[in-house]
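A single structure is presented below for examination.
Naming follows writing order (A, B, C and D), and every chain is counted from residue 1.
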Amino acid sequence: MSDVSDWWRTAIIDMEPGRIAFRGRPIEELIGTLTFPQMIWLMLRGDVPSDGQARLLEAALVAAVDHGPQAPSIAAARMAATCGVGLQSAMATGINMLGDVHGGAGEQAVALYQCVAARGDLDATLQDWRAEHGKYVPGFGHRFHKPTDPRAPRLMQLVREARDGGHCDGRFVEIAEGIEAALSRAAGKPIPMNIDGATAVIFAELGFDAPLARGIFVLSRSVGILAHAWEQTQQGGRNKGPTPPGYRWTYDSSGS
Amino acid sequence: MSDVSDWWRTAIIDMEPGRIAFRGRPIEELIGTLTFPQMIWLMLRGDVPSDGQARLLEAALVAAVDHGPQAPSIAAARMAATCGVGLQSAMATGINMLGDVHGGAGEQAVALYQCVAARGDLDATLQDWRAEHGKYVPGFGHRFHKPTDPRAPRLMQLVREARDGGHCDGRFVEIAEGIEAALSRAAGKPIPMNIDGATAVIFAELGFDAPLARGIFVLSRSVGILAHAWEQTQQGGRNKGPTPPGYRWTYDSSGS
Amino acid sequence: MSDVSDWWRTAIIDMEPGRIAFRGRPIEELIGTLTFPQMIWLMLRGDVPSDGQARLLEAALVAAVDHGPQAPSIAAARMAATCGVGLQSAMATGINMLGDVHGGAGEQAVALYQCVAARGDLDATLQDWRAEHGKYVPGFGHRFHKPTDPRAPRLMQLVREARDGGHCDGRFVEIAEGIEAALSRAAGKPIPMNIDGATAVIFAELGFDAPLARGIFVLSRSVGILAHAWEQTQQGGRNKGPTPPGYRWTYDSSGS
Amino acid sequence: MSDVSDWWRTAIIDMEPGRIAFRGRPIEELIGTLTFPQMIWLMLRGDVPSDGQARLLEAALVAAVDHGPQAPSIAAARMAATCGVGLQSAMATGINMLGDVHGGAGEQAVALYQCVAARGDLDATLQDWRAEHGKYVPGFGHRFHKPTDPRAPRLMQLVREARDGGHCDGRFVEIAEGIEAALSRAAGKPIPMNIDGATAVIFAELGFDAPLARGIFVLSRSVGILAHAWEQTQQGGRNKGPTPPGYRWTYDSSGS
């Protein structure tokens, strides 16, 4: 019979009574010393980032907190807040919606950038990507923000400054700009980078694995989910559905 | 029939194509300018905190990220990571566990401190609290960290420095220390403040409503939940249960 | 150090390789023999109900499967189905909303009936209940179904038949009808029993603990949640929010 | 601006005050008339199944209710029950774990059977499946139940009886038995069908789309999740982790 104390293993935390250490560092040396983004990095990566790296991560965390209550995650959290559940449960409800379609574009964009970097041929990679995944390229274009998602240019400005300051090497800036140019050329109109494309540049430049792009996005969007769940709690309401009760949903009598 | 566009109302975000503003401030002016804790405050409160206030909030966010995989929230997130669900779903699973018992002590401690402040009589408030809620007082004592939770003294040191620097008035420092003294006196042994008691001092000093103590705790603990879910994903495993399969659970044949 | 194999204990299931037994009964003797409602009862209670008892439970399970997509649980499950998550995750999203307000009325009604039965004074119990919980009495009246929730009379007809057939003693039929009469008298207009009031009569007659009223309701409503999540999956859509994007939410510039 | 009342459409339910109909049938005609499995079918498919079809569906629903607390879904629900959340939230926690690995084998087996049926060449289909998905074939073999999962033979007996009675045509019985024989031949030892393989035969024979195999499995397993969450609630406990606190997890000091 295997030893139960080996069943779970972790390199993240070490505890004994009176002692808590993260990645080998006592918690009391981290509190008041590390910024929250530095702590996030330490937990996910095992080391403490430089100030320049932490500033980039912080910008990505700030940029994605919320995109309005029309988003399913925010709407669901607000609804949950009227159903008699705890605030943590309303938050879990919203977060649970950040799946491949709602929360996956950043992760997919990092993966795409890494493919381009590994293969060294942007056009061929892009062509294969679209053959496999369809016409939609994650990180570019926006169904609502036309002509431009206001978050992307500001984020890209910060990445370029970080590159010029030696905090990252700028390889993925170039790749993302190359994709933007290729897509716009093919479409005959601008297909500008959106927030997912821009934060993906940051995550790729900082060396994060693609799935962590989604994980960090969740940390960021959780802020908006909490803010909206709390605002709805204060507004009150019971069992608030998507539209006022007066609006009837369409019943299609032709059956399934 | 009521107007559907009035059904949801928010003061948090304002959007139109090409424009996103939080609490009236365009997002491109916030990215790279606000720290992540300042952005959290802006979203929850509507204004930007001073640097001293933001540093206190940041310390609370850093302190509570993780308490080890023995915690149900962390264990559940690691299990979920072996079940073929997305990372966001593993995170939601962990967060959904932060209920009144697992994630509520900070909120309860803020409420208790506010009761003491409102009534002005610590002993009477404490007595009534225990009559209503039982012997357990949220924020004091720890079943694992004996003699002392290492996070609390460091957090309290920072609050005292903030008070001395004029960033908060210190009223709740005094109340929490009074409760600690009263509990220890009654028990005949030290019942030291734990992390929930100390972060509750921070939240109360900063003027947060009690439920937001839980909400902000969730934001913090989400970091550990993500780190563990990701570590487990990298370790692999399929349908990992609480103990190795060799361990049998006890079947109680005496029936229900 | 405590023995890890004692850490979890159950009287529900007993397994060894090649053998699975529920409440001591081998699964191969249950499949094809018990109805699904009988199996639910066996799992929750430890014995097999009579046919008459099982029919009542079955009626409650059938009655509550769905109350339309205006309900937050159904709406959230449909939204989730457009976010790129698994069907189980869309179901969990809907179920997670069945909190005290959205899913708790049946449980509260059972508790109320049991209070009346224990105290033996309906009017006094009702008065105390409203003093503690407010004017809303769980299980009676309906904000949408006026004059009558069509499910309640049919369920009550079945309970009365079961009582007349000796399958239950009818004590809670009498209590619920007494509450309906008292509320209607006080309001000067009919306040008829709704589905939660009627299923609560069933659960109380069958001897279920009050919290299981909520649990069984969740089993029932899960059917509607699944049906709607699946219908939405087939309809398609990406990141479907509560209303069409053209509808703007109200931004309240006066701040929080 | 599109009409908000068209934004959601459903063929499942039709309501107006005092009237609820499912698939066009008034609810009061269904309560006490349909069995719960028949109601599940009506909700998912739009028509009422024959008694023979309903009995098969019922057997699948009974067979899969629980597989013991070593399963992550059950363990997580029990943990949640000690964290101060509602019963619905503990249930959502367990259900949210039934992802591709934990809850997807039945769905995958239906899809595999349908591939075999469409292509008409079992060996070629099986070979391509394993080339794409790896050596693990969903629905066959069991890591715990050796030699045989006791649920599968009983379920297959019922399907064969249904086929002989004319309730289904038996095409997928033959396919599944063919796969079992092919796998066993290739392995040089028996690789018997497990519960997922057998319920998949039922779902395929009854004409369910593959994703509904997972959905119906969730409905079934929800019963065990509820039973265990409720049993744990009655046992008590606070913040119960996977193993007793005395067991330390392994900290790997070599870092990430």
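Note that contacts are C-beta pairs under 8 Å (C-beta built on N, C-alpha and C of every residue); 3 or more make two chains touch, one makes a residue touch a chain.
What you see is a predicted model, and the numbers here were worked out from it, not measured in a lab.
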Any chain in contact with chain A as well as chain D: B, C
Furthest chain, CA centroid comparison against chain A: C
Where chain A and chain C are represented by their mean Cα positions, the distance between them in whole Å: 36
For chain A paired with chain B, centre-to-centre distance based on mean C-alpha positions, whole Å: 22
Residue numbers of chain A (touch at least two other chains): 4, 7-13, 68-69, 75, 85-86, 88-89, 92-93, 96-100, 103-104, 144, 231, 240, 242-243, 247, 249, 256
Touching residues on chain D, where the partner in the complex is chain B: 4, 68-73, 75-76, 79-80, 82-85, 89, 92-93, 96-104, 143-144, 231, 238-243, 245, 249, 256
For the chain C and chain D complex, residues of the former touching the latter: 1-2, 4, 7-13, 15, 17-20, 22, 26-28, 30-32, 34-37, 39-40, 43-44, 55, 58-59, 61-63, 65-69, 75, 78, 86-89, 91-93, 95-100, 103-104, 144-151, 153-155, 157-158, 211-212, 214-216, 218-219, 222-224, 226-231, 233, 235, 240, 243-244, 246-247
Chain C contact footprint on chain B (complex, rising order): 4-14, 16, 23-24, 45-46, 85-86, 88-89, 96, 242-243, 247-256
